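Below is one structure, written out as C-alpha cells; the observations come after it.
Read from first to last, the chains carry the letters A, B, C and D; within each, the first residue is number 1.
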Amino acid sequence: MAYEVNLGHRSANVELLNRAGNHVFLDIDGRKYDVDIVMVENGVYSILYNGHSYNVELIEGDSSKKFIVNTFAKTFNVEIVDAESKYISSRNKGLSVEEENLVASPMPGKIVKIPVKAGDKVIAGQTLIVVEAMKMQSEFKASHDKTVLEVLVKEGDTVNAHQLMMKLE
Amino acid sequence: MAYEVNLGHRSANVELLNRAGNHVFLDIDGRKYDVDIVMVENGVYSILYNGHSYNVELIEGDSSKKFIVNTFAKTFNVEIVDAESKYISSRNKGLSVEEENLVASPMPGKIVKIPVKAGDKVIAGQTLIVVEAMKMQSEFKASHDKTVLEVLVKEGDTVNAHQLMMKLE
Amino acid sequence: MIKKVLVANRGEIAVRVMRSCREMGIRSVAVYSDADRNSMHVRYADEAYRIGPPPSRESYLNVEAIIGAAKSSGADAIHPGYGFLSENASFSARCRQEGIIFVGPDPYAITTMGDKIIARQTMIKAGVPVVPGTTEKLKDEQEALEIARQIGVPVMIKASAGGGGKGMRLVKHLDEVGSAFRRARSEAINAFGDDSVYIEKYIESPHHIEFQILADNHGNVIHLFERECSIQRRHQKVIEETPSPLMNPELRREMGETAVQAAKAVNYKGAGTIEFIVSDNLEYYFLEMNTRLQVEHPVTERVVGVDLVKEQISIANGNPLPFRQEDLRQTGHSIQCRIYAEDPDNNFMPNPGIIKHITEPHGLGLRCDGYVYEGYEIPIYYDPMITKLISWGETRVEAIARMKRALYEYKITGVKTNIKFLEKIMDTRDFIEGKYNTHFIENNEAMLHASRPCGIECEDMAIMAAFIDYIAKMESIQPPRYTDELGSNWKDFGRKRNVLRL
Amino acid sequence: MIKKVLVANRGEIAVRVMRSCREMGIRSVAVYSDADRNSMHVRYADEAYRIGPPPSRESYLNVEAIIGAAKSSGADAIHPGYGFLSENASFSARCRQEGIIFVGPDPYAITTMGDKIIARQTMIKAGVPVVPGTTEKLKDEQEALEIARQIGVPVMIKASAGGGGKGMRLVKHLDEVGSAFRRARSEAINAFGDDSVYIEKYIESPHHIEFQILADNHGNVIHLFERECSIQRRHQKVIEETPSPLMNPELRREMGETAVQAAKAVNYKGAGTIEFIVSDNLEYYFLEMNTRLQVEHPVTERVVGVDLVKEQISIANGNPLPFRQEDLRQTGHSIQCRIYAEDPDNNFMPNPGIIKHITEPHGLGLRCDGYVYEGYEIPIYYDPMITKLISWGETRVEAIARMKRALYEYKITGVKTNIKFLEKIMDTRDFIEGKYNTHFIENNEAMLHASRPCGIECEDMAIMAAFIDYIAKMESIQPPRYTDELGSNWKDFGRKRNVLRL
C-alpha cells in the first residue's frame, strides 16, 4: 500500500516493498531504498544506506501522524497522510477556519497584555496580545483589518506552545 | 494501610499518612517523615527532607514489587511485601526449591563448557558450568555433594542475567 | 574558613559554583522558586530551600527569603553567581550585617561601578581612558561644536534620557554639528520630555574586549588577560574567545595594567571584569566594570588554568592570591558558544519547553556547562541560556574545528536552539579570519540565516524515519496488557523499540 | 593527504579517533559486528560497514572483511585503535600491500617489539637497561648461583614455559639459590613438561611507569613525558596519572632519553609507548613497547596539550613533527579512571547489560571518553570498559578532588560498575600521598572493599523512593487508553510521572 507523506511543501509517495528485521526495502517517489534502519534511542533512528550512516531524530507532533524531524542539515515537519486523514480532510473541505484568523503562541509563555476585547474592530498591524517568555516580550499583531471574535485567555494566564489565544474574523 | 518493606536484611514497617501533590507524610518504623518527593527523571527521585537534598535512583526488578535502589553510599535490594506477596509466600511455604540447588548466571554471557550431564553425581567444588562474558570466564562450582537433576542450557548458548542454567538435588 | 555556601542563583551557574564547592569540600545550599523544584541545582546541592513563587522578584530577588534560607541552613557564605542579586550593593551590605560572607566585592565597589557617571568620573581620576565626550547636558550649539572639535569626528549626539536609538545623531563632519544638535534636541523633547543631549566619540567598528581581574584583601590585584566578546545579538553576547584575534602583546600588557588600575581605583576585592570598547586602530576606552563572575569566565579558566570560583572563595576566606602576575600565561586558545533555547529564524524568540532528548558532546578539549536533562521542562520565567559549550585548541584554528565538532555532536530535541546558527558562525569567513566587531551578526545576516542544503537523499531519510516510526506504531496497536504496563518502565519501553518489529 | 579513515575498532576508542578525524575534516568509516549495529561508533561515523558475527575473531580480527570494507568505502587509511589488530604485524604489512596507509608503525617495529626475547636483545644492544638476568635456560645450579651473585639478591627463578605463579621461586639470600633452583625445576617439569628455568632480578615494590613517544618519517623522535600506571587489578590498569608522583626532573629527563633511544632502535614511526618497571629506589628497566595508542593516552594529551590521534594521522601523512623536545612542557596534573562494567565485590566479574539511566559528569577540568548511552545494551563479547574519566588540576591535590567530584556526578543504573571502588581509591591514604606501587590494590584490600556507611536516614530514603514508586504505580493501574498509547512516547511517559499523582 502506498502512502502520501508530506515533508514541508513536498508531497512524496512512499511504499513499503519488503522487510526483514531491520532491513527495509522501500520506494520513495520511484527511488528504491534498501536500508538498515534501527531506533537506537527513543525517537533517534540510525539508518545505514549504501554504506552511509545517517542519524535522524524525530518527535511526534499533535497526532501520531505528524512529526518534527531533524536531519543533520535541517528540521522538517513531516505528516503521514493515510486513508483516515484523507477522509477527514475531504470532510473538512470548505469548513476549515483560515489560519490567519487564529492567534496562537509559538512558545509557552505568560500573557502580559490584551489591549483588545471581543467585538473590537482592529486594523492591520495593531497589537492584539503581548506574551512574555524568558524575559522577552513578543507582540502579536493583526495581519489584516479584522474583528475580534473571541478572546480565549486573560492577562496573567500562562499558555502552552501552540495554544489558541484569540479568534478573529 | 501499613506495608512491610524489605531492604537487604532489614524489614521495615511503612505507612503513608498523608499526601498533597509532591508532599508526602509517612511513617517508617515509627519515624515520621514529611518530605517533598519528585520523580525528576524516570527512575530518579529527588527527595527534600529537612532541607537536605537526596537523590535516589531505582530500577524495577523481576516484579513490580522488587527494586534495586542506589543511594549515594550504597546499593540495596528493596522489596515491597503487600497482601498478595504474603499470600503467595504462605502458599509456597514448604514448596520452595532451595536456592543452592539452582545454578543461575549472575550476568549475561555465553556457555563455554558444561562438563557434567543430568544424572551425574558431583562433589563439592566440582565445576558444573563455565560461562564467558567480556573475555573473562567464570566457573560455577557445586557448593556441596549433589546430583545433577537437569541441564537447561547447552554449550554455545547465550544466557541472560539470572537465567537458570542447571538444577541439582 | 567557609564550610557551607548558599548559591543564590539557578541554572548552569548555580551548578557550576556547586561543583567547585564540592571539590573544595564545602557543602552547598540551593535555593529554588516553585518553577525550579525539578531543576538540576536543587538535585546537585547538599541542601535545598524554597524561596518563593516563579517570578524572579518574588524568589531569586527576594532578599528576605534568601537570607532566611542562609540562616536556616547555617551557611557561612552566599555566592550570588551572575545576574539576579550579584550586583546589588544593598544585598552585599545586608549579608555583611547578618554576619554572612558575600562572595563578591563590598557595597562601595558595587555602587561606584554601578552608576555610569560616577564610574566614568572615578576612572578619569584614576587615569583610565574613557570614551571622549561629555556626560553633562550640552549648553548650546557652540559648546557642542567646541567639544566635537576637541574629540574629533565622527561623534554621536545622544539624548541623556535616551534609549532605543531615539534622539541619537551621528555626525561625520564638523559642519553638521549644528543641525544634528538641534534635531537630536527636538527628538529628545518629543520622545522623553527632556531636551538634555550630550556628545560622545563614535567608534566605527567597535570591538568589545574585557579583562578578567582578581583582587585579594591584601592589596594584590592581577589580571588574567582578555576575552573578546564582540559577537552579540540584541546586545547579548553569543560567542566569546581568548586570546582576542585583535590583540598584540604590547596592547595586552597595557590594557591589562589599565584594568588593574581601574580595579584598584574602587579598592576592588574578588573577581571582576573591566569591559573596554576598542576601535579598529586599537584605541581602547573603559566601558564598564562587572563586579561579579561573567558568563564567559570559562574561556579564561581554560587558557590560564585557574578555577575562578575557587579563587573567589579563597579570597572571601581572606587568603592572599596564590600567584603573581608574572606566574600567569595564556596557553592555546579557547572559544565559548552560548546555547540558547530560542528560534534564530524568528528574531531569536525564546523557546522554552520540555527537553525530549539530549546528547551532549564529550572528548578532548571540550567543556560543557549546562543544567538541563531529558524530561526537564525549561521554565518560561528565566534566561533562555541552557548550556555553555567551551572548546580549547593548541591554536585558534583547532579551537574552531573542535567547536564545530562539538556543535555537530550536540543534539537536542523538544525545544528550538541556536545550535545550527552557531555552526554557521563557525563557517563564516570573517569569524574564521578573526576579523570581526560588534556588527558581525548584522554584517553576515544573509549567510547566518541561510538554511543548509538537504538534498533529495537527505530529505528521503527524514521521510523514511517518520514513515517507519508510524508503520511500527500502527502494527503494534493493541491494548497493552495489564502486566506489561506494570512491568514496563520508560527505558524498557525504549528498549523494546530498539529492534523494529514491522 | 588522508581524506577518509577506516577505524578498525569499536567502543570508546573508535569514537575518540573519529572525533579527531572530524576536527581534521577527514571522513570516518566504521566497521561493526552484528553485536554492534546499535553501537555509538556506527552512529558517529560518516559511513559504516558490517564485517561479521559478534565474536572478535570473525569480525574485528577478520582481516579480509576489514580490508574489504576499506576498499568498498575508498578509505585511504586504517586506524587500528588499541587491541584487536593494532599490534598485528601482518595486518600492517597487508595494508601496505593493498595501498592503504596503516596509521601505526611498520611490520618490522611491531615484530621486533612483539617478541619478548628479541625485544630484550634489541634493547640491550641499544643501551637500554633491561631487568638483569637471563632469558636462556640455566644450565645448572652453579650457573644460577653465579648469575644471582652478579645481579644481586633478591632474584626470581622462573619456569620458561611458566605462568600463573607456577614454577616460580623467590630467592632472598644467595645460600637459597641451590634449593630454589631444584624446586623450581621440578615444579616446572611437573606442571609444563619442560624443566627450563631462568633467573631475573626481583623488584620488590615495582612501579609501572611508561613514556609516550612520537616519531615521524624524517628521523625525529620525541617523548611526551611519563604516565604512572601502577594501579592495576588482575594485571589490568585501573588508574593512570601524569606526572608520576615518583618522578623527579633528572630521572624524567634520563628515562625520556632512554625511551627515545628505545624507539630509535627499531626505527619506530608513529605514536608508541615504552613501558618501564621502576623500583622504589628509582632503578628503571625496559619492560616492553606498545606499538600503538594506549588506553591512557588522554592524561598526556591534557598535560602536554597535544592531540595524539591528530599527530598519528599527521605522521601517517608524512609530515614532520610540529614541535621539538624543548617545546614541550607538562602543565598541571591529570588522572584517568577507567570505568568498567564489572562487580568489584565479586572478583571484578564483568557485568554486561542494558544501560537504564546514565548521567555523565561535566564542567571545568573534566573529560569523559565513553560510548554507551541510555537504552544501549553492552554486548557480552568485548571489553568491559565503558568510559574513561579524565580529570585535570593545577596540582595533584586538585586533580584528585576533581576526580572525586566527577565520580560523585557519574550515575549509571542497569549494570554494575567499579565507580564506588574508584571513589574509595581516591580516599585511600597511599593514593592521596602518591606512595603506591603495583601492589596497591592488594595492600589496601580491606579499605577498598569496605562498604560505605548508609545510616538509618539514608536507608529510609531508599525505602521511601521504592515505596512511593510502588504506590504511584498501583494507583495508576488502569488499562491505558488506545489514544494515550498512540500519542505517548518514552519521554512524555517520563514527564507524566514527573509530578506524582498519589
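Definition applied: a contact is a pair of C-beta atoms (placed from the backbone, for glycine too) under 8 Å apart; a residue touches a chain by one contact, two chains touch by 3 or more.
Everything numeric here is computed off the predicted structure, so don't read it as measured data.
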Farthest-lying chain, centroid of Cα atoms versus that of chain C: B
Comparison of B-D and B-C by number of C-beta pairs in contact, larger one: B-D
Chain centre separation in whole Å, for chain B relative to chain A (CA means): 46
Euclidean distance of C-alpha centroids - chain A vs chain C, Å: 33
Centroid distance [mean C-alpha coordinates] between chain C and chain B, Å: 48
For chain B, residues that touch 2 or more chains besides their own: 22, 38, 40-43, 55, 59-60, 64
Two or more partner chains touched - positions in chain D: 38, 356-357, 373-375, 408, 414, 473, 486, 489-491, 493-494, 498
Residue ranges of chain A touching chain C (in the complex, touch as defined): 3, 5, 7, 10, 12, 14, 16, 19, 21-22, 24, 26, 28-29, 31, 33, 35, 37-45, 47, 49, 54-60, 64-65, 67-74, 76, 78, 80, 106-110, 132-136, 138, 158, 161
Residues on chain A engaged by chain D in the complex (per definition of touch): 22, 36, 38, 40-43, 46, 48, 51-53, 55, 59-60, 63-64
Chain B-touching residues of chain C, taken from the complex the two chains share: 29-30, 37-38, 42-49, 72-73, 373-376, 486-487, 489-491
Residue ranges of chain D in contact with chain C within the complex: 15-16, 19-20, 22-25, 38, 298, 301-302, 305-307, 331-332, 354, 356-357, 359-360, 362-370, 373-375, 377, 394, 398, 401-402, 404-405, 408, 414, 473, 477, 479-480, 482, 485-486, 489-491, 493-495, 498
Chain B contact footprint on chain D (complex, rising order): 341, 343, 346, 349-353, 356-357, 380-384, 408, 411, 413-414, 451-454, 456-473, 493-494, 497-500, 502
